[in-house]
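Input: one structure, supplied below.
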Amino acid sequence: MAKIPVGILGATGMVGQQYLALLANHPWFKACFLAASPRSAGKPYGEAVAGRWNATAGAPAPDVWDIVVEDANDLSRAEAARRKGGLAFVFSALEMGKDETRALEEAYAARGIPVVSNASAHRWTADVPMLIAEVNPHHTDIIPAQRERRGWQNGFIAVKPNCSIQSYMTPLWALLQAGYEVKRVIVSTMQAVSGAGYPGAASLDIIDNVVPYIGGEEEKSEEEPLKILGKVAGGKIEPYSGLAISAHCNRVPVVDGHTACVSLEFGAKKPGIDEVKRIWRDFRALPQELDLPLAPREPIVVRAEPDRPQPRKDRGADKAMAVSVGRVRPCKVFDIRFTGLSHNTVRGAAGGGILNAELLKAQGFFG
Amino acid sequence: MAKIPVGILGATGMVGQQYLALLANHPWFKACFLAASPRSAGKPYGEAVAGRWNATAGAPAPDVWDIVVEDANDLSRAEAARRKGGLAFVFSALEMGKDETRALEEAYAARGIPVVSNASAHRWTADVPMLIAEVNPHHTDIIPAQRERRGWQNGFIAVKPNCSIQSYMTPLWALLQAGYEVKRVIVSTMQAVSGAGYPGAASLDIIDNVVPYIGGEEEKSEEEPLKILGKVAGGKIEPYSGLAISAHCNRVPVVDGHTACVSLEFGAKKPGIDEVKRIWRDFRALPQELDLPLAPREPIVVRAEPDRPQPRKDRGADKAMAVSVGRVRPCKVFDIRFTGLSHNTVRGAAGGGILNAELLKAQGFFG
Amino acid sequence: MAKIPVGILGATGMVGQQYLALLANHPWFKACFLAASPRSAGKPYGEAVAGRWNATAGAPAPDVWDIVVEDANDLSRAEAARRKGGLAFVFSALEMGKDETRALEEAYAARGIPVVSNASAHRWTADVPMLIAEVNPHHTDIIPAQRERRGWQNGFIAVKPNCSIQSYMTPLWALLQAGYEVKRVIVSTMQAVSGAGYPGAASLDIIDNVVPYIGGEEEKSEEEPLKILGKVAGGKIEPYSGLAISAHCNRVPVVDGHTACVSLEFGAKKPGIDEVKRIWRDFRALPQELDLPLAPREPIVVRAEPDRPQPRKDRGADKAMAVSVGRVRPCKVFDIRFTGLSHNTVRGAAGGGILNAELLKAQGFFG
Amino acid sequence: MAKIPVGILGATGMVGQQYLALLANHPWFKACFLAASPRSAGKPYGEAVAGRWNATAGAPAPDVWDIVVEDANDLSRAEAARRKGGLAFVFSALEMGKDETRALEEAYAARGIPVVSNASAHRWTADVPMLIAEVNPHHTDIIPAQRERRGWQNGFIAVKPNCSIQSYMTPLWALLQAGYEVKRVIVSTMQAVSGAGYPGAASLDIIDNVVPYIGGEEEKSEEEPLKILGKVAGGKIEPYSGLAISAHCNRVPVVDGHTACVSLEFGAKKPGIDEVKRIWRDFRALPQELDLPLAPREPIVVRAEPDRPQPRKDRGADKAMAVSVGRVRPCKVFDIRFTGLSHNTVRGAAGGGILNAELLKAQGFFG
């Protein structure tokens, strides 16, 4: 089977690089179209990123170095590629302002090019699904309404949430789905420096140090889960209202891998610790049923050791796509507590985006 | 005024070294008697710690290098020193098993030598005060009963709590004292490697990593505050029962300084954020009134910056004896949340012990 | 083709673990026999290493967890395995004293079990080859003489050198082989903490720090190259005498990957910088000709960027088996200088050992 | 005695901040005049550096926060201050381009305001002394010629060299002065991230990593020593020609403190190891004789331990102004080798600048 030609908007940035690294050997998708700022446009990709290739996931496919980078603002080239069958959809890793990103992603969709986005611009657009493939794959049901309202034929926009919530969102969902209402969550994260892009945190701020603040991160961590758990109704996604989250977000001297310490309170029906572990171990979702290429076999890996998960040792679990949890134990204040971990630049960024695209492909959204 | 001659049990270990560094220029106390394991006994101190002096607080007084180390198990030497007026009390930084420590500290007290201890052995002995000088200085009221029950003339034992709670215990107390009951606390710590002693954590476990577990630390963090907030009655200290704490304790790649992310819930009467900050800024306690040498002028430093306190930048606040707090803001689940920080090997260990001794001296307990 | 059954002495230690990780999918060898200290003997491997599996190269083959560990000192079990065709040779990753290691490795060889060793015990035994597969593969010519002198039928011992020299030894050899005599080398290394085993360096000694000393490392770095470049003659290996090396060895806060800054002086015939780069780029040796499974395709990767190689970014080059060099430039004092890098626990330890075994297999030494 | 009023050009940058921290309690100098870029001009200093005060040496004098920052390009304010006796000289910590810095420093000098500079712009101006106070204090002899040639009355410019050479330059000088010619030096440095200013190195480039390149640093390290060792003759400084240096400069994950591994070759007369240590221990120079406030009592601290100096443990030696050396031993290729260490943002930057100003004051250059 010929591979599906895909594009990357923001291809020279850190998330764009990570996309290319993860697509290097992808069985379905092939990076064919690279777009970035006017500064990079016209240069072979290898030249455009010379001296600033930082993807920790490895190297891109060899032919990528020679692809001439397009100006992301010039849609004519993308449209021409699409017409010739050379571009099925784009991953958006744009690093512009929110308004510009929103407008540009819409422009691609309007020209018939679906946008699978990592950017935060459209996360709160009511008819745009914010997907974690194992949690709310059915939110893609909104896409027909999105197209209709906007008059788009083939284009659409789907986004993914912030990397900070990925280490506990799937575990929460698994409990909810098993019939245990989760009412309140207090979470404290220890987040890797790669989450800040490049150059990100200054080394003077992070060696022998912790920075107890990441701009905007706590708000995202508290609100995005509610949309992800929301209901598709009347052409929009109604956020879930049954859950309150309080997040403390910290930056720590770790390269990759966000760790979260989570205390949670159930509703009236409360599972025991063993039941929680069983639910997590047994959890499988649509990506696993569909056997999507980047889907982890076990979405939630439950570690038995007293001192795991740890970012350096566990971030790579199952292609760096699994969430690792451990230290599942009773909470002295709420019901249970645990430590969760996920790889922020793979599962929490480019890898999560690719898995979303695999899901959309399997659901027939790329026509 | 001649300085008071003091001893250190466990003088060669990491906490013992930190005691010596902090006593180097102390206006009241002078380290005169050093005791350690039989392995070190008989050697000049400088030789006993050759190649393993690790105190981050600096160097000891120059004459300390030549003091011949005694065997801590041989009480006759300490007693002789006491009789000759060469030993007023000892700091215990013993690193033995719990039972042996308990017995040895009692033996010193029985010989008339007060013990101001860092060890955890006697923290839960009902008639032994566990002191944070700004929080429960009145717990020293138990000492006469302790002496009487045990038939000790001049000796007694006073201990300090674990380092992990020092970054939020004084703030909690300040709120309680201002009339705001605190009912529930969920706290997540990011603790420095120096808290594990030497050699402590392997570098292979901590570079580019977080270890979400410290043996016994969460239990101490949850229970010790209750004794500290307890009531002296009937010759013992009754733990406080009005507060529930849940602690997640993590080790991070930081040399010194424990950071804590705290969410707390008040009783019926709830202060606003500005009121909380005001209470903390204005908080002064007995050590400040008595102007004790190691007492921080402001026990709680409230930082206004959005991204402070940070361990490397704030651990040294006010001789490394102040608690720094910041990010005081409403909690989405409880009432307020904040980040606290204290220097674990100064305020949380040797410095806290010395401040306790200063308090006991000012209260007349060294006769 | 059935895989060759191999054993690991010291299987529970850090190098032993790394062997098992690297053998997990090896096309020729299969780990069947695991031996360690009496403390581990009798336990399934998974139990023996519970809580201390630290191999950064990944997990072992799944069936390894259930192999019952033997006592390495009890040779009867190894011999029985060998007789039944269940053990062709052993990798030695013993972490005992030098004399015991030497004796035990000889005992295995005497029982007909070849020993491919990582230990330093036999590095200076005159009839034992110290192999870097690309540099001195012909030193295996000594093996018949080794067997004869000692009366061994099938057994023999071959060792590998210290990890500290691997980042510049192959580059030096490539220049020598191209006809450029290297007379003097001054090298300064920045070595990863994994080189010290587990627990190795205390985190308190390495966070925000450099330790400018590694016991015994400089001597090994200065002397081992001479044996490797030596001549097989009269049943022993005569060290090379034409080269003087001075090494400064430092420990830095890096997990894996030893970096070396090298200045070198040629004899009368001196290559230009471009010629040096060409020689390194074009260098291929016996492992490449034989297409051995773990042989890097390009043994020396020459980086063009001004700021490479870097340990975190380059240690994984070509299965972590290639040496990366960069910054090749004239030296203001000697002739040229450069920075070299190799992965110390793969190329410099278990990976190098496996490549040696592949070479020995291809040369017919496993019968 | 009233303190001498001094100014700081580039007061808001990282070196400027470090100047203010080190001047906080200076017995002779008082920071009265702060100048920076137009962006900061007109703001109280506290506001101008809000959120980016990073000096590791502590806080400035309390009144500094309220000083209104001037535009460094507007010399009228500085001149007015000078006339009113409110500005005796300025420290230059300008972070502009080389040509602009050179011109601006000259403009201050032309207006009668001496400039003691950290910037590199004038390091190679033939009539500008590049001072290490213990090595070439007599180079200030050039100042009268500098003034005369340029027609300056009271102003002049004096600079300090790069931070990378400070850990071995004083030791080299001590040997030269003792009559031992040093002919060749090969040095490899491990430099702290604070040397790159703020934000400097990205944390993604330095955690678990080493960067074997610092732009321009090797050239400075090889050439600046020659001017420092040069001779004042005919109104200029003739660089020394008897020494060849080759430098490898690396960035490592250390906050403060540059470490250097040095191999050196003497001329015909060669001291033994003990003689070298004795020379270094006994070395005293003009700053010590004059008992200058920031002068270390022992300029060169010789450590006896096998594994020192280390940056975190030794950078603070003697107000962070002493050079620490250790591992003095024979070199297998040259004559001797050792490890040197100095604090790059104190001794190697602001502290070195202040010591130079103290020297100039004692020599009567501030009129």
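By letter and in written order, the chains are A, B, C and D; residue numbering begins at 1 in each of them.
Please note the rule applied: a residue touches a chain if its C-beta (ideal position, glycine included) is under 8 Å from a C-beta of that chain, and two chains touch if they have at least 3 such contacts.
In this text, all values refer to a predicted model and were calculated from it rather than measured experimentally.
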| item | value |
| --- | --- |
| Subunit B on subunit C, rotation in degrees - Cα superposition, rounded to nearest 5 | 180 |
| Which of C-D and A-C has more C-beta contact pairs | C-D |
| Inter-centroid spacing, subunit C versus subunit B (mean Cα positions, whole Å) | 48 |
| Length of the line joining the C-alpha centres of subunit A and subunit C, rounded to whole Å | 40 |
| CA centroid of subunit C to CA centroid of subunit D, Å | 44 |
| Per-residue multi-chain contacts in subunit A, two or more chains | 205, 207-208, 253-255, 306-307, 312 |
| Subunit A residues touching subunit B - in the complex, by the definition given at the top | 184-186, 188, 190, 205, 207-213, 215, 222, 244-248, 250, 252-255, 259, 261, 263, 306-313, 326-327, 331-334, 337, 339 |
| Touching residues (chain side subunit C, partner subunit B) in the complex | 54, 193-194, 198-208, 253-255 |
| Of all residues in subunit D, those that touch subunit B in their complex | 51, 207-208, 255, 305-307, 312 |
